[in-house]
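Below you'll find the structure I mean.
Chain lettering (A, B, C and D) follows the sequence in which the chains are written, and residue indices restart at 1 in each chain.
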Amino acid sequence: MEGIFIKILGAFLTAILAFVVGMLYGGLRRKVIARAQNRVGPPIHQNFLDLMKLQAKRTNIAHGFMGHMAPVWIIIAAMTVLMFIPILHGNLWFENLTMKGDLIFLLYMMVFGSLGMALGAGQSGNPNSAMGVSRGLAQLVGFEIPFFLALIALMIQFNTTSIAVLMDHQEATGRWIIVDNPFAFIAALLASLGMFRYAPFDIVGAPAELASGPRSEFGGKYLGTMMTGGAVFAFIKLVMYVDLFLGGAGNNNLEGLAGTALGLVELLVKTFLLYMIPVFIGLVTPRFRTEQAIQFFWKWPTFFGILAIVWALYKNGTIG
Amino acid sequence: MSEIKSIGIPTPEEIKQAQIDFAPRCTSAGRVNDKETQGMVEHILNFARKHSLFVVAYGTGCGAIEIPATMTSRYDAERFGIRGAATPRQADVMLITGYLSTKTLKRVIRVYEQMQDPKYVIAFGSCAINGGMYFDSYNTINALDRYLPVDVYISGCMPRPESVIKGFVKLQELIKNGNAGNGEAYRSDLDWYRKNQQKVIKNWDFPDNYNW
Amino acid sequence: MSKLKKENKVLDKLKSVFNLSGEVKRKQRIAVKSDSKHVSSILLFLKNQQGFIHLNHISCVDWIEENEFELVYIVWNPKTKLTVLVHTRIARENPVMENIDTIWDQANTYEREFREMFGIEFPGLVAPKEFILEDWDDIPPMRKDFNSQAYALENFATRPGREDAQDVREVIQKRSGEELPDFAKKYSRD
Amino acid sequence: MEIIAIILLILLVGSFLTYFVDSFNKKWTGTTAFLIVLITAGIFFTKIKSGYQFNFQLAGLDLQWGLTDYSYYFVYIILGLSVLALLYSIKYMEGKARLGYFYGSFILTVLGMLGVVISQDFVSLFFFWEIMTWASFLLVIYNAYYKIKTKGIKYMIFSAVGAYAMFTAIVFIHVHYDTLLISEAIAKGAFNFEQYIYIPIFLLLGFGIKAAVMPFHVWAPPAYAKSPMSFTTIFSGAMSKMGVFGIGLVFTSFYLSSNPENFFWVRTILGWMGGITAVMGTIYALIQTDAKKLLAYSSVAQLGYIIVGLSTGTQLGVMAALYLAVIHAVFKGALFMVAGAVEKQAGTTDMTQISGLIRKMPYTFVVALVSIIALAGVPPLGGFVGKWLLYEALITESNNYILVVVVFFSSTAAFMYSYRFLFGLFLGQEEKETEHVKEAPATMIIPMIILAIIATVAGAYPGLIFEPAAKAMQAIGFQDVTWQMSSLTNVWGDTTDLFLIAMLIFAVFIISFVFLTLKGLKKTRYVGTKDISTSGELPKEWENLTFQLDFFKPFERAAAPLYKMDMNKIWKDLGKNLEAFFGFFRKIYTGNGQTYALYIVIFLVVLLLFRDVLFS
């Protein structure tokens, strides 16, 4: 009974943490971009204000049932994936359902939200939305390939498909996977650029040409809920990468609250540094067309992905 | 050939009639959160609204060129939480950046009605205030607030980015006091607005039910 | 006049074929005046025989005193760099002019504009009725007998505070002390 | 009389009975057919258990009919789907011509499929296989009754080639092993690739053509799209599984040996053929504008997954194949029914013609949504389980890392056509042309909903399908097949708890849905699809706001090299070349007696010259 209580409370804590950190990172990104452009920029908590304002809109519009449901899919996907990703390694509160789902499941669950939102956007009847969805899905096929290659490389190198076991391995050996298989990290990192949909891969919701694409008919509470889901998703992706390649967080010997706090700080530092990579790349790059984006993903990231598999097989002793 | 009408300086009667026509339509009585009545929650929400203004810039006239300057590095409107929105559904503030031809007015009305409450309108320049140099043009409306409730006017021809930001700050002040956002007033006074709009837009083909 | 040899040659050629008056305005510029009936023939002749393959512009002027519209077709020969202006006048009442968008496609745009702004009909012009204006139900606004200010005052109520809005002509007159010309007086507010 | 013979007799008599009922009263044809198959299914599932056998002699041949767990597994698909499809047909086929012809052939097809799975000897297998093929051919040309030459020709040619291949194999088995019983042939190692390699190759060819494996898939998309939708449900859902059934049988001796080195090259080639089938089917599905064609190409792709699963030969892989066989029958059956319902109600399934049916056909849309999520393999519905098993089999057990990427590419690209199907028919602008459309009748909705419920339940409790599948696997040579009710485990011990996932998704769904609905409930308005932000412009009646044509043009441009390979063209070229080739041989027969005399002389000379080589 107590275990269930801790689980539920832990789930809430995780959700709140993901929400707050995700929103703050979003604000931070805006701030960083502003500073890079020699501006003052909005305050870091700007995204909270935006969200509050959107939720406080007095009237709302929905184009039917799927339109109404669109943010629900995103929240479902975000919360489900969050529950299956280890936030802190071996921490009672932030463990959630880590051992109950593996990487293949996470891979599929992560597209759940996009697909649901695509359906909602489709019902609005706005041609811009449909166009954005068409581009988004095409781009998805682009970046999923190198990402999947990187994941396979990890799976066959460490003989597991579970993200928690990968973390255990990193703690046991004291070596991050980025050292063990650097090519997988490169492939996954390049894929993550597409996943974050920042420039140069932001054609899906390009405001100037598609009127923000799939989101163009959503306002008020719908847009606000989508923003929440998006923020949680940003956090999820970062934590996933940290868990997979950067050793995860919370591998300290401290007991109790101090250990958790130290782990969280470690997590924040790692995710922040990782987050800055797509942000800075987005800062200095223009925009790819969809086919260019796909072809990019099928070129270098896929090459690195295959290299990662070869490396994994070599390390594994299967070849060489 | 139609008769050439003689027109001169308006008579005092005409001015009186015009003053009746231009009586402020959107008073604080129509608003939902006045400063006196607003509670704690509404106060906090107003704080959020004030600092998060998503702008749909309806780039009419010459003011459209001031918007990029306002938004980008030099004047950086984003530090006030002002940010461009791609569609009216996501937007809070509509900017009318200059003269409005009757053809554009129709679209502007539609955009305004597609925005979600609370929604604000900022009008730029003398053209939007009283017609400006287009006061005698056959296709440019003279006073925007006969057709849409306007929250803030920014005078000038055109207002420079500093003035634009001043206008935004004024709007923030109004929002904080609960004096901005006339969507409800527009709805309650719809007959009067519709009458004026239909006088200008001859071929009225909007849907019967009010879409907002 | 040896300098304007090219120009005169074209003008002579035109005069020999058509019944028109014209002159060489200056270097590379020839102006001819013709009856409205012959304009399309002249243009076709210029295009096919003389190499004036480009239609620069068509303009329309409302000569209200003479109760006529003047249309000017400006065509250009890219080889000889000559420009020919074909002037023609049509009656102001029920103005009809021949459609030339079969000769140059871009004439279509100008003709739509004239139809809308001056009320000149071009039989056989295939284009949507509305071009720049929307739902216009008054007399065409570019005609000089259309009083824009009166229309504006009637349709778009003037905000109080614009009482000082003055006629530019009167202000100029007052400042300079010059007498207004007759044609301007006709449209003066008094 | 044996019960199995009675069942087949009921179907045979029922087939003719339906045909005659149609001549008396057209209204009762569909119902009669439905009742006949329902009764058959009832008798079958109550009276016949797995392990049943019936031996008899006919014309001096030892024939054996019976059911192993493996064939029983396929009976579930055949009879279950047939009953639902016939219930659906009653209203779907209403008002169409030649109903007796349709239902008669339909029941005959069911008879053929049932016969194929109960046959335990090659003679009856071939016999029933032909009944199934020809009866289904009659249905393929149903819509093109007067244009048989052009429409059904591809299906006929490929089926004939498959049948010849199979017949050759059967003859060789009889020659080399002196048996006609399948179990004996397996026991004697007739399907082994070591000895007489052409026997299994010919058999695989025969079965592979029915399963629409890569180079032989060209018949499938037009045949699926052209036949009436209620039959395509069976055609794609059950009949293509007969090919899978056969391939499983051929591989049985490999499964029995449980040595991964066995048949390595054959399996690799077959696996790659399956993988390429999946990719080609998928990328051609996503450029279709007709929903039926889209589903047809998608069927080809899905069968590719099943072939990949079978060819791995590992426990998870074969489990994936068997699971996918059922779940594909379920969701693709439902989707073809959806397409049929749309075709019946709106008159067409061309996605450039219709859109925005969601408000008019809500139940159909829900079924389509559930089935599409299952097809895309997104949790928590049944399709995900199949995908999971397949990937884990390829990664953890068969170590085929490149093939898994190919399969993954195909299944990611499947998101695109899944979305396209839903968007094209149900979402998007509500145009005036579709205003008259109404929801389909209840007897069409009910079978769809049943299938959708199966797809949903299979997501949380895949064990319901694993149980018979595990038994079936044991029947074809696997030992100790493990499975759990609602969780998946691979050989490395990593689990995915599906029940937990389903519950979590359900809980989050309820919470967020209630929050989103209740918040500002009164101030939330539902508007039509014309009320969209089009830069302030009021959309006119005649304005086209539907984005349907060239939907995935960017992807097409990016993947242009893939589209250059067109199997249809290759076959056509082959046909032309063959014609030219045989044309050359025809020239030998000049009709001149002297030429023939010369030939004889040349022949004799050759014999003389090479006699040492030839007769030594």
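The working rule: a contact is a pair of C-beta atoms (placed from the backbone, for glycine too) under 8 Å apart; a residue touches a chain by one contact, two chains touch by 3 or more.
Just so you know, these numbers come straight off a predicted model, no measurement behind them.
*Asks:* Using the touch definition up top, find the fewest steps from chain A to chain C.
*Replies:* The fewest touching-chain steps linking chain A to chain C number 2.
*Asks:* Closest chain to the overall C-alpha centroid, by per-chain C-alpha centroid: which is it?
*Replies:* A
*Asks:* Take the average of all CA coordinates in chain B, do the same for chain C, and state the distance between these two points in whole angstrom.
*Replies:* Distance between chain centres: 38 Å.
*Asks:* For chain A and chain D, what's the span in angstrom between their mean Cα positions?
*Replies:* About 36 Å separates the centre of chain A from that of chain D.
*Asks:* Just give me the whole-number Å value for how far the CA centre of chain C lies from that of chain D.
*Replies:* Centre separation, chain C to chain D: 72 Å.
*Asks:* For chain B, write out the residues touching at least two other chains, lowest number first.
*Replies:* Residues 87, 89, 106, 114, 117 of chain B touch two or more partner chains.
*Asks:* Please set out, as single numbers or ranges, the residues of chain A touching at least two other chains.
*Replies:* 57-61, 211, 216-217, 220
*Asks:* If I count partner chains per residue in chain D, which residues reach a count of at least 2?
*Replies:* Residues 523, 527, 531, 533 of chain D touch two or more partner chains.
*Asks:* Can you give me every chain pair that touches, using the contact definition above?
*Replies:* After working through each pair, the chains in contact turn out to be A-B, A-D, B-C, B-D.
*Asks:* Contact residues on chain B for chain A in the complex?
*Replies:* By the definition above, chain B touches chain A via 32, 44-45, 47-49, 51-52, 54, 72-73, 76, 78-81, 83-87, 89-92, 114-118, 183, 212.
*Asks:* Under the definition above, what is the set of chain B residues touching chain D in their complex?
*Replies:* Per the stated touch rule, the residues are 58, 87-89, 106-108, 110-111, 114, 117, 205-207, 211.
*Asks:* State the interface residues of chain C toward chain B in the complex, per the touch definition above.
*Replies:* My answer: residues 92, 133-139, 141, 145-153, 155-163, 165-166, 187, 189-190.
*Asks:* Applying the document's contact rule, which stretches of chain A touch chain B when the two form their complex?
*Replies:* 30, 34, 37-43, 46, 49-50, 52-54, 56-61, 207-208, 210-212, 215-220, 223
*Asks:* Contact residues on chain A for chain D in the complex?
*Replies:* 55, 57-66, 68-69, 71-72, 75-76, 79-80, 83, 97, 99-102, 104-105, 108-109, 111-112, 115, 118-119, 122-127, 130-131, 133-135, 137-138, 140-142, 144-145, 148-149, 152, 155-156, 159-162, 165, 211, 216-217, 220-222, 225, 289-291, 294-295, 298, 309, 313, 318
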